[in-house]
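Scrolling down, you'll hit the structures one after another.
Shared between the two complexes below is subunit A, which has subunit B as its partner in the first and subunit C in the second.
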Partner chain A sequence: MEMKLDPRTKLFMVLIVSTIVMMSATTPLLWAVRILITLIPLVLLVAEKKYSSALKFFLLYVTALVVNFVVLVNSDGGIVVSLLTGYCGIVVQFMPSVITAWYFIRTTKTDEFISAMQKMHVPDGLTISLAVVMRFFPTIAEEYRHINDAMKMRGIVLGGGNVVKMVEFRMIPLLFSCVNIGDELSAAAVTRGLGGTVKRSSVVDLRLTVKDIFMMALFLSAAILFIAVKYIR
Partner chain B sequence: MNEDIINIDHVSFCYKGASKGLLNDVSLKIRKGETVLLCGASGSGKTTIIRLVNGLIPHYYSGDLQGDVTVAGRDIRNTELYDLAGVVGTVFQNPRSQFFSIDTDGEIVFGPENIGLPPEEIKKRFADVKDEMQLQELLGRSIFGLSGGEKQRIACASVSALLPEVMLLDEPSSNLDIKAMNDLSNAVARWKGQGKTVIISEHRLWYVAPLVDRVIYMENGRIAHEWTGEEFRSLGKQKIKELKLRPVEFDPNETADTADASVSEDAVVIRDMYFSYNEKPHVIRRRKFSDYDEKDLDLNIPELRLPKGKVIAVVGHNGTGKSTFFRGVCGLLKRCTGTITADGKVYKGKERLRLCYMVMQDVNHQLFTDSVENEVLLSMEEEDKGRCEEILDSLGILEFKDKHPMALSGGQKQRVAVASAIASGAKLLLFDEPTSGLDYSHMEKVGSLLRKLADSGHTILVSTHDPELIAESCDYILKIEDGKVESLTRK
Partner chain C sequence: MDKSKKLTAKDFITIGIFTAIIFVVEMAVGMTGYIHPYIVAGYVVLLPLVCGIPMMLYYTKIEKFGMLTIMSVLMAIIMFVTGMGYLGAPLIILTGLIADLIAKSGGYKSYKKTVISNAFMSLWVCANYFPILVTADSYRKSLIEGGFSEDYANSLFRAVNPKTIGILVIVCFIFGIIGAVLGKKVVRKHFEKAGIV
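Coming up: the complex of A and B.
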């Protein structure tokens, strides 16, 4: 099934889900809404063929839910139980926004993102910084992997038992290489006309379709329902 | 055809904060449609000239600029960078840091979108570039999944899409294998055929030498020699060597296989090394790699005998499993099986980390401390300052003992990494493309370093695309293809 949403819709979903996770669900109805808005981005991930991340998120979320509702409700005290409660509580509470953000980042191309931001009249300076950040995540991961390899060869993965060293050894080479890459990246981008005074054009023709409007309406009503039940009644 | 498109008039330049000027009173005129090669040692001012023409100097890299630069009738000093984008295009050295988008299609249209061309025009240019450079199989891919050569093809395409009159290439082949260099050579030939002005700054000369109309030899920030393409190609091997340049002709015979080497004497033996990035699903017990089909394995080496105390070149195309092989040997790949036997001792799993040490292509990744001395001491099981000085002295970097590793030059950093490898007691040293982007004299230095290490009893594996390095410093050639050993030959 083809299910390509507009980046603006995805951003809206991120916004709504982040709002909802900040409010605790107190009634079964609210729990249902919460679970629904978590399942939708999961289904969308599957529709975009990101099977493995969808499955991992799904398993993690379901496990946390089950532990939270079935196992922990009927048990009493104990250090393991309280640790589990805390851990699962965090997963259940914040996982929805992690999933939605992941969905947004993994399925939006730089180009689409920039034109979506332009259509919303966001200033170029902000748009481009955000686009670079999105572009930079995989680079940081790649660099980090190299550094980790180097640390394994030196036998200093644990920093010789010193936590400060452990962080320092990772961060210093990482910062050096990210600064270098960032510098070269912007030099390459400005020679190709980034930052000009002419209005940037785009080959991506973004249009909100019925799917987008339906999705936005669904998420908006979820948020309204949440607020209504919790604060107005 | 004979008008000058680029005029560099008595230019001197000194980067901000640098004490020594990088260019001293350089004058250079380049005619429209000319293909010019800039050569010379690192730091001789080649890159500075490229940056003058594309306007990165003075607009991005600031410093003290004297003299005038005119490109296609525009005074560079008074022209904004984005106004130059449609006039001058640049392909840079490092494929990993010149991409703005995360997908190939987006990257090609990035430039035209920036200068605000109408979408129909951009689509037309996209289609043209795609046909012209035969990019079909690269479209719609993630930038992070491309090999170095593929990245450089996309970089050329994305610059082409802006239809600039002047093409600049700043050491574009540094990370490329021989096949990818031929692709690059085709791109240059195509631009030349279209009447574009092309300037290439390069150390590896054989792939562009047949195409150039003029060659500029830089030395200490000045133009020291100038030849026509014809003259340059007939200089002769001896003269090229005296100029400290890499060969102008690629001689495949120098690296040709002579005889299959059977290593019976003292050997470092790798056995049963298997690995796959795509593991088969499992529930409780992992499937053994030996049950896998051959085509599913990314590393498949039942037995490999490496001659001890020799320098072994590891060759193979980009993306054919050389770095997987290296990571596997070092014990850096989590589920990679296999043992290494050296001096009668068998190293398994993580123990391999104690036997092996890899000097990475980007050595910045493996320097962690605030001084060269500490860097070496960190590798020792028990700190021994005497031995540390000995090691540093043998590598010729004792004078930098108290310096910050990041303040050293590339070659010196590499030596620091080697010093910490020796200090860790590693017997099998792996070098991942140690000479990429190096000029001839630096390459010679790396070559003699490898020799020296081998003579002191280390076994050296060095992955490389440089036929010159193989010809001068390696004893054996190990060919890797699709994660398998294709051949091990004596040179």
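Coming up: the complex of A and C.
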């Protein structure tokens, strides 16, 4: 099934989910809303053929949810239990926004993103910086893995228990490669006319379709329902 | 030199990269806060210290007004998206603006001004305590409902409350200075020798 949403719709979803995540769910109905807005991005991830990340998120979320409800109900204290519920609580609490943000980052191409931001009249500077931030997380993770591999090859596992060394051995090479990647990125961006004085045109033609409007309406009503049930009663 | 006052695409990319790095560091340090709430209060020590290195490297790249402000705006956006709430956002942007103005008064080259500017910039860590203070009751409730134990919430409020926030801000500021000095040393040791900056 083809399910391509407009970046603006996805941004709207991110916005709504982050708003709902800030408020805790107290009643079963509120939990239902929360779980629903978590499952929709997951389904969308599957629709965009990101099966493995969708599965990983799904398993993590469901496990945390189950542990949270089962253990919390018959909790008898103990350090392990409280630590476990703490972690699962965090996962349940923040997973919705993580999943939605991941969905947004993974399925939005940079040119689509920039074009969408242009249509919303966001200043160019903010758009470019934000686009770089979005693209850069996977790069940092990848570079970090490479650095770790290189360290392992030389027999440095954790910096010999020295915390300062641990930070230094990881951070300095990471910063080195990030600075270099940044230079390359700037060169590539300037080649593509970013930062020119003329208004850029875009190859992607973004249009809000019925799907987008449906999705926005769905999320908006979820947020309204959530707030109404929680605060006005 | 007048033309170069405006930020270029290269500057925006630099902002994006360093914001991403700072955020990753913040996340890595932030994860430790779930072990014990006192570590949450300890962020004011840990974060400025660790962030000192990338920040000082970032300062060597800054030549124009706006780069620190935009960074703080991005941080505020990211903090909102990751569920930290919107209450701290204006404070984050404010500290970024102050930091920017201070660094500007030193022409972005003065070492002393850079150090002080970084100390102000680190205060965004404290801005994240803001929801804990302002909406104490509902925050506490949402913590416990969110799966944290009663003990965790109690200790968190013992560590972060209206009485301690002044101390936390001052400590954060001081460690912002220390982080900047240490960071500058590291940058000198590694990056200036290698000719990167």
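Odds and ends about this structure:
Going forward, the second predicted complex is superposed on the first by the 230 of 233 C-alpha atoms of A that agree within 3 Å, B and C clash if a C-alpha of one lies under 4 Å from a C-alpha of the other, contacts with A are read in each partner's own complex, and residues count from 1 in each chain.
Keep this in mind: contacts are C-beta pairs under 8 Å (C-beta built on N, C-alpha and C of every residue); 3 or more make two chains touch, one makes a residue touch a chain.
Since the model is a prediction, treat every value here as computed from it, not as a measurement.
After overlaying the two complexes on the shared chain, residue contacts for A:Val229 are found with neither subunit B nor subunit C.
Once the two complexes are laid over each other on the shared chain, residue contacts for A:Met23 go to subunit C alone; subunit B is not touched. In the superposition on chain A, A:Val198 makes contact with subunit B only, while subunit C stays out of contact range. Contact with both subunit B and subunit C is seen for A:Phe176 once the two complexes are overlaid on the shared chain.
Legend: residue contacts after superposition of the two complexes on their common chain; A:Ala189 is shown touching both subunit B and subunit C. Judged by the touch definition given at the top, the superposed model places A:Leu206 against neither subunit B nor subunit C. On subunit A, the surface touched by subunit B in one complex and the surface touched by subunit C in the other have residues 131-132, 168, 172, 176, 181, 185-186, 189-190, 194-195 in common. Taken together, the subunit B residues at the contact with subunit A in this complex read 54-56, 59-60, 80-86, 88-90, 92, 94, 96-103, 105-106, 109-119, 122-123, 126, 144, 158-159, 162, 327, 330-332, 353-354, 356-358, 360, 362, 364-368, 378-379, 406, 420, 424. Looking at the complex, you find that subunit C touches subunit A at residues 7-10, 12-17, 19-21, 23-24, 34-35, 50, 53-54, 57, 66, 70-71, 73-74, 77-78, 80-83, 85-86, 141-142, 145-149, 151-152, 186, 190-191, 194, 196. Subunit A makes touch with subunit C in their complex at residues 14, 18, 21-26, 68, 72, 82-83, 85-90, 92-94, 97-98, 101, 124-126, 128-133, 136-137, 140, 167-168, 171-172, 174-176, 178-179, 181-182, 185-186, 189-190, 194-195. Note for the complex: subunit A touches subunit B at residues 109-111, 131-132, 134-135, 138-139, 142-143, 146-147, 149-156, 168-169, 172-173, 176-177, 180-181, 184-203, 205.
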